[in-house]
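Consider the two complexes below, in which subunit A is the common component and subunit B and subunit C are the respective partners.
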Partner chain A sequence: MTGIRALETESVQAQKLARRVSLTQWTSWVLCLIALTSLAALVLVLIHESWPVWRVAGIDYLAGKQWLSSRHLFGAAPMIYGTMAVAIIALGCAAPIGIGAAICTSELLPRRARLTVKILVELLAGVPSVVYGLLGVLVLRGWVYDLLEPLDPLSGDTLLTGGLLVGVMILPTILTLSDDALRGVPASLRAAARGLGLNARETICRVVLPQAIPGIIAAILLALGRALGEMIAVFLVVGRQDNQWPERLWSVTPLISPGQTLASKLGGSEIHIAHGDPLHWAAMVGLGLLLLGMAGGAAAAAFLLQQKQLRHAQAS
Partner chain B sequence: MQLQTAFFVLAITHASCHLAQANPAALRINGSTTVNLPVAEAAEILRSEAQLAITIDTQGGSSGGVSLLGDGRIDIGMSSKPLSQTDRSRFPKISFHETRIGEDAVALIVSKDVWNGGVRSLSKLQAQGIYERRITNWSQLKGPNRRVAFFNKEPGRGTWEIFARWLYGDPNEAPAAAFPEVGGNEECRNRVGATRGAMSQLSASWADGKTVFALGIEVEPGQTVRPTPEALADHSYPMSRPLLLLTDGEPKGNTKRFVDFMLGPKGQQLVAKHGYLSLEQLGRLRSSPSGRGSN
Partner chain C sequence: MRKLLDLTFRAAAVLCALLACLIFGWIVSAIVWRGFSVVNWRFLTEPMRLAGAEGGIFHNLIGTLILLSTALIVTTPLSVGTALVTAFYIQSERWRRLCLLCLYVLNGVPSLLFGLFGFIVFVSFFGWGKSWLTGGILLGFMILPTVSVALVERLRSLPPLRMEAAAGLGLSRSRIVWFVLLPQCLGGWVSGSFLGLARAAGETAPILFTATIFAGASIPSGIKENPVLTLPYHIFILAQDSFDQAIGGKVWGTALVLLMLAFCMSLVVLPVRLRIHEEADHV
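Now for the complex of A and B:
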């Protein structure tokens, strides 16, 4: 009898537990739904508000090289170019350093040292971007200006300055996520590689890195998302010059000239003039939609790659 | 777990209520960085002396002041340019009321190397030449052999509108020119000071004579006017402008209290302290026998 009672009590407890879990699940679903609805609403509002410019300018809104609000000419191509240029320069600087540092922390450093480095790097990731922006104004701008002196730049505010600054800002993201990706490679693979006679360098290059590649690319893509959307720091050092479409797309000259990114345009005072003029307003909101699309695309690709690596790790 | 969930929901509700009620009675001010200097100090005094809750910002400069007031999101807009008909027609529901608290001049400023290189004044034609990129090197103006690095104030900034009105009669007539842009006065001074061969437009009282220098304007061949208080008062300097507080209709309640403070002796002292012309100085200069104009 005592045994049966004990069993009954257990089953009642299990039912209670199930109910509690279901409440948690219910809350999670609601919160998840709120998040998804907000995102959908955001996209719908941006599409709705920017609709006039898509209707009037069509593809010229994306391909047009002239943004002259007084003449109702809205071409976002120079800003898309500026955004991509800043992001590519940033990744060009931050990716090799970040991945190299991640190999060092995950494969070479002892556990305690690794944790110390990770904590310090994650602290760096938490520094507000306006602080980076001020450092950019105080240090980086003058440094780039003096460095480029032989090339006679107009000023120190260039796409290159913006790119270097964003590079510093996304370095922690790349480092810490690449480190996670490398740590995610099963230890058994390392042991097997060593067992086959590979030395430490060969194990890292031939076994660990290829396994971690999807995760590292995901880290780069997530950093790209941040680089594309960074506003205030870029705003302070990029020069904010409109219509800087390069004559030759791969030329270096436009990179050492002032430019404009989607985010820096949105951060300026033009949004206040645009208010009240439906087409101008739509063109400004359209820039927001483009930015969301680019950053969102990078984040989605990163997510898919991370999932792929996770499945890969589980399978092996 | 239930307790945690309940607590979580409570916390969210509490936070949202708190946000919704965040300082409902605060006097909200936004606009020009030029007008901001005396107004921010006045706000500081009124906060401590009269316990007035005041929030103040310079988002978007003068056009930010106009459009946020037009949207009903602030109580007082600061503007360093007179309101245009376009501004009024954009917000037909708002009856804009201007209160002038002082007078200022827009100066053409250059960096130290240009000033030391001998460029001390510009004519309107020369300024147009720079804006239309016909003059691209200071040597064309008998200055140093260096490229002209022109920084344009963002369109919509009061300073830019006064500059464009002087050059082309109407800001809308200004040619579409792409230059590196600068926003607030601090940014403008900092950027011109740190760049060789630089030039921009800036509130005259911000031209410190150490890092950036105010050029004179050559109004007639051989006759140069500098942005001095006297030249502002008699309108011989072409780029003078009023410093305005904008409200929706006649100021009332706390808004009136603030506007009255700015017009009173303490507020006017603050206007003068920041290098602008107070209303009293303006009146005195205009009525003095040495004043050339008497309008």
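Now for the complex of A and C:
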């Protein structure tokens, strides 16, 4: 591409060709605009449809702890809490294992063993979320119930179950992207560190990881985005109990009781009931807008971090 | 002490990798073990009876394939256009980065929100009701970033020499696009598409309100009010009341079929994916 651009600046003939907008170029631009405006359309439609609830409830929509559609009370705080709880539990499980496994595949394993692990992980990434949901309902739910038996839980449907399930789902994302980040660190640095007499752990912890950390954070952010928006699997195991705002924000009890996330609320049948009532409908779509803000923000931050590291790598 | 620490560290890392592989092995074996006895030719070719307790999943399989092929048809021109603009036509680095940012954010949009968007725009506003076309379009837009980014990467990795040679022969820019760029990025298109389709095959959230129902649909005969049965939605509904033993077996069988469908599509692109990741460290 740089080649053709250089050519154009040199040759008058090519400059003439470049100035004429051909049918191919025109079509490409139109198709590209359709593709990218879909994102804008998504945002605008969600803002437009949820406008009434922002006008009526205002900040109470975010901070309110009660969601009673019959009394037109719409507070999304318990669902934001549930979403964050599931995502944090998921990251807490998946991030250490994923990064540890990435260190293993990129730094320790010989080529053949690494390929085997990577093939398995690529396939693991392809397991549909509904299959995770099925395993969650029929297997994981029982395990969590047995685990919590001494605490006398109501059922195995808890925020913890959802978090564990999502943790398994985002493991491949973290592993693959962390592995890429670690392997992006130049081999010469490793050789130099080993040459100075550092052992494998010291080389990895003091030399390789600090270099790869932006990429690893990007991996975690991308996984976070997926964890926030995951609906099907969470829907099946989270209990879908409304208005579960914890008395103390950092206590563990609400995590082992049923809860509701933004996505599981949106996936339920309430969306059909809400369609008749403008304010209720706006409140439901507003949850989607919140979700879009959180997940889209995570994706954008991850992209910017990756770009920064890419430029950093090119500069050095 | 130093040696001990080193050893512990290595052991912990290997253990993590082992755990990841074990989880994978457990998931696949759990599905295969429970679903294997159900899946046979009749299961794949018979329509569903008695709300999933009897019969097979013929229409569900067909429905999923209809959605996937529609998604592929929708996403191919859009992603090729997007990739050409992003990698080739845009001259300024800043605008190219903005385009890529949009693609990455679109990739990060939870699939559920595509469903919500489709419900608002296609189902209510256009009045299509539940339609296979809505589902196909939504899935197409959902996998668009995956396909576009794969194409962009392929296009940008092409050696400039090819285009210089083409330009030197006096080919116009359009001809370079049609006869040099597009044939060269066929591999990127295949890998991106199959990767996207493997993801789309198992997606339930976008089609939940827009394209699929549990029972009572066969091959669609029009656009409006023509939903299809799909594999993921079938599992999703049955998973919610899977206490019945007969249904239990069928739902595992359906999960096995869906898993194999997704794996086949992942396996097609595995060599390409691995090569990209393996090349990453020689940069």
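What we mean here is this: the second predicted complex is superposed on the first by the 284 of 316 C-alpha atoms of A that agree within 3 Å, B and C clash if a C-alpha of one lies under 4 Å from a C-alpha of the other, contacts with A are read in each partner's own complex, and residues count from 1 in each chain.
In the analysis below, contacts are C-beta pairs under 8 Å (C-beta built on N, C-alpha and C of every residue); 3 or more make two chains touch, one makes a residue touch a chain.
Keep in mind it's a predicted model, so treat the numbers as computed, not measured.
Asker: Assess the superposed three-chain arrangement around subunit A: do subunit B and subunit C clash, or do they fit?
Answerer: In the superposition, subunit B runs into subunit C.
Asker: Between subunit B (first) and subunit C (second), which, if any, makes contact with A:164: first, second, both or neither?
Answerer: neither
Asker: Under the stated touch criterion, which partner chain does A:242 make contact with: subunit B (first), subunit C (second), both, or neither?
Answerer: first
Asker: Looking at the overlay, what does A:42 touch: subunit B (first), subunit C (second), both, or neither?
Answerer: Once the two structures are laid over each other on A, A:42 reaches subunit C alone.
Asker: Per the overlay, which chain contacts more subunit A residues, subunit B or subunit C?
Answerer: C
Asker: Taking the superposition as given, does A:258 touch the first partner, subunit B, the second, subunit C, both, or neither?
Answerer: first
Asker: Report for A:199: first if it touches subunit B alone, second if subunit C alone, otherwise both or neither.
Answerer: second
Asker: With the two structures laid over each other on chain A, which partner does A:22 touch: subunit B (first), subunit C (second), both, or neither?
Answerer: second
Asker: After lining up the shared chain so the two structures overlap, which partner does A:137 touch, if you call subunit B first and subunit C second: first, second, both or neither?
Answerer: both
Asker: Determine, under the contact definition given at the top, whether A:271 touches first (subunit B), second (subunit C), both, or neither.
Answerer: A:271 sits against subunit B and subunit C alike.
Asker: Subunit C: which of 219-227, 255-263 or 273-281 bumps into subunit B?
Answerer: The segment of subunit C occupying space taken by subunit B is 219-227.
Asker: Do subunit B and subunit C touch any of the same residues on subunit A, and if so, which?
Answerer: Residues common to the subunit A contacts of subunit C and of subunit B are 23-24, 27, 137, 236, 271, 275, listed in rising order.
Asker: In their complex, what parts of subunit A are in touch with subunit B?
Answerer: Per the touch definition, subunit A meets subunit B at residues 20-21, 23-24, 27, 68-71, 137, 141-142, 145, 152, 154-157, 236, 239-244, 258, 268-273, 275-277.
Asker: Which bits of subunit A are touching subunit C when the two form their complex?
Answerer: 1-5, 7, 14, 17-18, 22-25, 27-32, 34-36, 38-39, 41-42, 45-46, 49, 96-101, 103-105, 107-109, 115, 117-135, 137-139, 168, 171, 175-176, 179-180, 183-184, 187, 199-202, 204-205, 222, 225-226, 228-232, 236, 263, 266-267, 271, 275, 285, 288, 291-292, 295-296, 298-300, 302-304, 307, 313
Asker: Okay, in this complex, where on subunit C does subunit A touch?
Answerer: 2-3, 5-6, 9-10, 12-17, 19-21, 23-25, 27-28, 30-31, 77-82, 84-89, 91, 97, 99-114, 116-117, 119-121, 124, 141, 144, 148, 155-156, 158, 160-161, 163-164, 167-168, 172-174, 176-178, 198-199, 201-205, 208-209, 232, 235-236, 239-240, 242, 248, 251-252, 255, 258-259, 262-263, 265-267, 270, 273-274, 277, 280-281, 283
Asker: If we count contacts the way the header does, which residues on subunit B are in touch with subunit A in the complex?
Answerer: So the residues of subunit B in touch with subunit A come to 1-2, 5, 8-9, 59-61, 63-64, 66-68, 70-71, 90-91, 147, 149, 151, 154-157, 172, 174, 176, 178-183, 187, 190-191, 194-195, 198.
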